[in-house]
Amino acid sequence: MAENRVFDIAVSPHVGSSQNTRRIMWDVVIALTPALIAAFWFFGPRAIMLVAASVGAAVLTEWLCLKFMKRPVNFAFDGSAVVTGLLLAYNVPAGVPWWLPVVGSAFAIAVAKQAFGGLGHNIVNPALLGRAFLVASFPVLMTAGWIAPMQWKDGERIDVQACGVPTAHLMESGELDALSGATPLNALKQTFSWEGEPERSEEVRAMLFSKESIKNLFMGRIGGCIGETSVIMLFLGAIYLILRGVLELRLPLSYLGSVALFGWLFGGQGWFDGNPLFHLLAGGVILGGFFMVTDMVTTPVTKKGRIIFGIGAGLLTMVIRRWGGYPEGCSYSILLMNLGTPLIDRYTKPLSFGEVKKNG
Amino acid sequence: MGEIFKVGFMLMLVAVIAAVALGYVNSITSPIIAEQKEQAKLDAMIDVAGSLAMGELSFDSLSIPELENPYAEVDETLAVVSVTDSTGNELGYLFIAYGKGYSSTIQTMVAVNSTGTVTGTTVLYQQETPGLGANVSNPDKFLYQFDGRIASQFLLKKDGGGDEGLDSITGSTITSRAVTNSVRGGLDALLEAGIITLEGGAQ
Amino acid sequence: MINSMLMWVIVAAPDGGEPSFSIAKMMAIIVSAIFINNYVLSRFLGICPFLGVSKQLDSAVGMGAAVVFVMVLATLGSWLVYHNLLAPHGMEYLRTITFIIIIASLVQLVEMILQKFSPALYDALGIFLPLITTNCAILGVAVLNIDDKFSLGYSLINSVAAGIGFTLALVLMAGLRERMETANVPEALKGLPLAFLIAGAMSIAFLGFAGLGG
Amino acid sequence: MSLAQDFSRGIMKENPVFKQALGMCPFLAVTTSVENALGMGAAATFVLVFSNFLVSLFRKVIPAKVRIPSYIVIIATFVTLVDLLMNAYLPALHSSLGIFIPLIVVNCIILGRAEGFANKNKVLPSIVDGIGMGLGFTLAMVIMATFRELLGNGSWLGFNLLGEAYQNQPLLIAILAPGAFILMAFILGFFNIMEKRKRGGAK
Amino acid sequence: MSKVKSFAGGTHPPGNKGLSSGAAIVRLPAPGVVTVPLCQHLGAPSKPVVKPGDEVKKGSVIGEQNGFISLPTHSPVNGKVLRVENAPMPHMRSGPAVVIKTESEDGGEVYEPIANWENADIPAIINRVKEAGVCGMGGASFPTYVKLSPPKGVKIDTLIINGVECEPYLTADHRLMLERTDDLITGMKILARVLGVSDPCIGIEVNKPDAIELLEKKGVRVVRLKVQYPQGAEKQLIYAAVGREVPAGGLPLNVGVVVQNVGTCVAVADAVCKGMPSLRRITTVSGLGVNSPGNFEVCVGTPVSDLIAAAGGYSGDVERLISGGPMMGMAMFTDAAPVTKGTSGILAMSPEEVRDVEEGPCIHCGKCVDVCPLNLVPCAIATASEFAMWEDAEKAGALNCMACGTCSYVCPAGRYLVHYIKRAQNEVRALIRAREA
């Protein structure tokens, strides 16, 4: 009889799916690259420089924090810091100095992530907290650092209106100045404050909601943060993530649906006269909807909870766009909903199989 | 019963002593506080009206019944103060403009001469964002553009003021607009009431 | 005597304040007190209970309810006394001392009444009531209502909204702290520092409400 | 216990802010500048010393039943005193400390010392304890304010330390509400480490 | 063709059944020495009634029933007792066993066959199932006679035979359905008669079309089931087949259902019709770590190493040796452990097959929540368990978990969710016991 062999023991199950955290994170990095190409196309090499600075700072900060806390430093290369660095850079205007995303990334990783215990333990989205930190600290840079997207015509670079509306008309009427350097949402916000001039307000809004404008929004031929402008490239990334099984669609769909609904409901001056498509495509909603609302660490785990989260974030986005102090509400809406995530999880815990709702 | 009485008495005693002591201190400080508030206002007025003429100035508040106050939601009456020199010559007027800014109602004191030209401005109160709107308090950032303008020239470039319009503070259009429009509103009211006229002044 | 009593009740708007009531202003007060100038996250009022009673959700809800309740009573009492007793007689300087006495006695009174007539509610709120006397948010709302020249109606609205804002912050905080109990927080930041860190994150997020309705 | 111990206790070992987490609201609210911190510190110290003094003086006279109400009245009296005096003589500081002056009444450091120390000790130690605690509170606020003013405004006690370039683009958040919370987290974290080191060393 | 049914949740791991599904069952003779465990069923181990040196006959009782939820144990061979000792076990580190030196496998003591079971006394049939030591062959090895004697007042109206075999790799039940079809049908009929059920059915996943076809041809009602793990779990099977939800913490009998494994049916048929005690079972030997995977009918007590040898021996590197399937099976530290009545498979897994992720922190992705067939929030229970927050674990429903492993399977962070949850279950049970005491 053969010698009996001895084996290592381990807990069940002994097989597992091919998903792992590292792979998911790098998949997100891959999915974010098309938008980077668009950024290079529209904003020039400067955009790449800012993104590189941001990602470098994020990974370095992660490494330093882990080292300082005497934790395994290989976690710094699991890709999550890269995602945070990328998304932070995607959330700043292209005209800011290089140190701005560096400071933002360092804050995002050191304070918003590692101080809370690192990957998986943070309560709010690090990239977005980093962005909010930058807005509060350097408001001038963060609200005035827009640069207009570049366009090529007959082989030559021409500047177009950053707000993405057809420009000739505006130049003639002398209103061009009124919207200079703005983004579409900035332009929209301004129309809300021209209460005394309903016609002018209405006219500019009609231009913003026009087909031409929507087309520009879709392609990314508008002013905005580095990674948020080109909807089509973001879609490409999102499709990749869906194919790889990384994205669960409850969050993005409920968020986008809610933005569209409330955008139509009160995204114009009055009721029911907003343009849902404009509100979906402008600003950070697409970037946020596929890449930030979906940050699993800071969003609910239950199915119902994810839907509630998406609807709430969509509502807050539109409330801030319409009545708030900022032209865009995407990032704050996600941060605010992040605060409620534990409560949402708690109150949407599913009834387990075979359990009946208790009366009363 | 006696116990409660004693306890109540003690507490009352403490309160009475406290009230008396405070009343005494208050009697000393209240005139100082009032005076110092008055002085602060006076300083501001002198500061702004100093642009009207050199030398000793005196201030007299006007009550103008027919004047419609554009700031009715903040103050019942538009307080206009006439400025005279030591010999009693009427030099111009002071008024306070109220404009709803980003996060506060900004109070701007404006000196205007009798031909409707603004000669001095200062911000009395604002609670705008530090680093953004709060820069209105810094004369070099915004208010320096105000002197020498008449009512119709108070418009931001952004709001259709054209090349002649006012530059807004970087990143603080709302604050800039609030101050600009409130000053224009005050000037318009004075014009309408006939207190100032544009004859011979800047076009 | 009776006449002057009636007068007291009638005086419900401060000198120079608006006597009329507008829905827009009411909404502005509510939004400001709950979101923009949240008492805890932006004004730093009521930090102690915010840190002390936010470890568990159940007690956070209880504390929030108690604070709303006492805030309204304190506003009612202090407003009436200030505008009917102190201000008419030039005794504004006794404001602080009267308000704190009013609040302390109110808390005592509420405690006694509750204990007698609704022991269940007393059990639910009882432990929080004494904590509330030394809570800046209560005295703060009473004083700010005077400083902002609110009429009695606006003052009451403001106090309810402030209380709701406080409760909102407290409840969110409790949820987040419960979650953080199982987090791998750096040794140095465990305990109170972490609570401040969470409050900081909340406070940044609440900046998103800045300028709302403005 | 010696007077020196009574004095130093509040500054380091039992620092009301860093070691006991008391007086948090005014601490966070007024530390936007070193000047405010010093002003608030002085005001609180004044109230602490005098209320400790009176409470200790009358500790045998005041019946136990009305102890707390009496303390509150005593404290409120001194708070009002400070309020009036500051308003009269330091109006600028008074307006920037704002509502937090009347709120000294509910500052638990003060009630805590009255109830926890002055109530049980002779007059002199109580005064010294009040000074120590007051200084400890002030010191803590100055430390915090140093960080906040320097980072958020580039200056210290109004003196520009970090240069024009920094002041044009400071880390504004440090003087906003979130900055207070986050800095406090790290300061307390620092004390946590120190404490652990010390305890580790003693072992 | 009837509709394919299923339950909510679950996952679909690669089946890998092709390795052994084509291999017909091979009957292995008893090895030279058998190590018969006394703890093969759920409940109390049986009490040994032999001592070293005793001669035993095949089928003679060597351990007697020891309580209500317990069974007698029989000797699978004629031979001589060598030792009564604690030996390594597949499902625990070690347990009591009787070691017997085999002399032969012929004849032996069998019970009187109940040939006319259609008319026989029902208690007599139940008693036979009990004295033959039949326990569930599908998973928990629960004494079958207990399930056949529902408490007074409970009406059983449905009998579902579990032919699902949802665990990857395992093909023993599949082969059994193909090769012992008639015994299976007989067993099913006996069980139906005992329980008073008129129309029993058998649930089979659609990845076994040959079994479905064969059984349908023989007139058995088959419920086609979607290939989805854990389709074979009792509650999921009942839900899929008859749409009833077994209450949390409850038993199938609470909804009038009894579920029995196909192997159990055959064991019942053998015990009743042939008087044969439960001495052998069919088990799959598979995995890339053995040379020729297959299905074997073996004596309980056969060492695992013999089974491996029968399957061609180890092929190269073996990372892990598993008793049962890869999802719920136990890793064994030695192949000296014997086969029990519950050993549905032996897997020798090569390093490529075994999942190898470093455990990271939970990233709250919610995948575990999405797949849990019992609608639990596994990450929350596991975290509570990790931090010894037992009350929280209890509130989160730790006790409801059936340890199916679906959550761990999908977790991208490689969290040992089942492990944490099982620990929580032990602690919570202790907590409840303490509370009740």
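Each chain carries a letter (A, B, C, D and E) given by its place in the written order, and its residues are counted from 1.
Note that a contact is a pair of C-beta atoms (placed from the backbone, for glycine too) under 8 Å apart; a residue touches a chain by one contact, two chains touch by 3 or more.
The structure presented is a predicted model; accordingly, all values stated were derived computationally and were not measured.
Common partners of chain A and chain C, by the touch rule above, are B, D, E. Measuring from the average of all protein CA coordinates, the nearest chain centre is that of A.
Taking the mean Cα position of each chain as its centre, E sits at the greatest distance from chain C. When every pair of chains is scored by its C-beta contact pairs, the maximum goes to A-E. Greatest Cα centroid separation from chain B: this falls to E. Chain B and chain C have centres, each the mean of its CA atoms, that are 32 Å apart. Once the centre of each chain is set as its mean CA position, chain D and chain E turn out to be 69 Å apart.
The distance from the centre of chain A to the centre of chain B, with each centre set as the mean of the Cα atoms, comes to 43 Å.
Centre-to-centre spacing of chain B and chain E amounts to 87 Å, using the average Cα coordinate of each chain. Those residues of chain B in touch with two or more other chains are numbered 15, 18, 22, 26, 30, 102-103, 129, 131, 174.
Across the assembly, chain C contributes residues 93-94, 97, 101, 184, 186-187, 189, 194, 197, 200-201, 204, 207, 210-211, 214 that each touch 2 or more other chains. Residue positions of chain A with contacts to 2 or more other chains are 111, 115, 117-118, 121, 133, 136, 139-140, 325. Pairs of chains in mutual contact: A-B, A-C, A-D, A-E, B-C, B-D, C-D, C-E.
Residues 69, 111-112, 114-118, 121, 123-124, 129, 132-133, 135-136, 316, 319-320, 323-326, 329, 331-333, 335-336, 338-343, 346 of chain A are the ones touching chain C in the complex. For chain C in complex with chain D, the touching residues are 41-48, 51, 93-97, 99-101, 104, 133-136, 139-140, 143-144, 147, 186-197, 199-201, 203-204, 207.
Touching chain C in their complex are the following residues of chain D: 21, 24-26, 28-29, 68-69, 72-73, 76-77, 79-80, 83-84, 99, 102-103, 105-108, 111, 173, 176-182, 184-186, 188-190, 192-193, 196. On the side of chain B, the complex with chain C involves touching residues 15, 18-19, 22-23, 26, 30, 76, 100, 102-103, 129, 174. The touching residues of chain A, when paired with chain D in their complex, are 111, 115, 133, 136-141.
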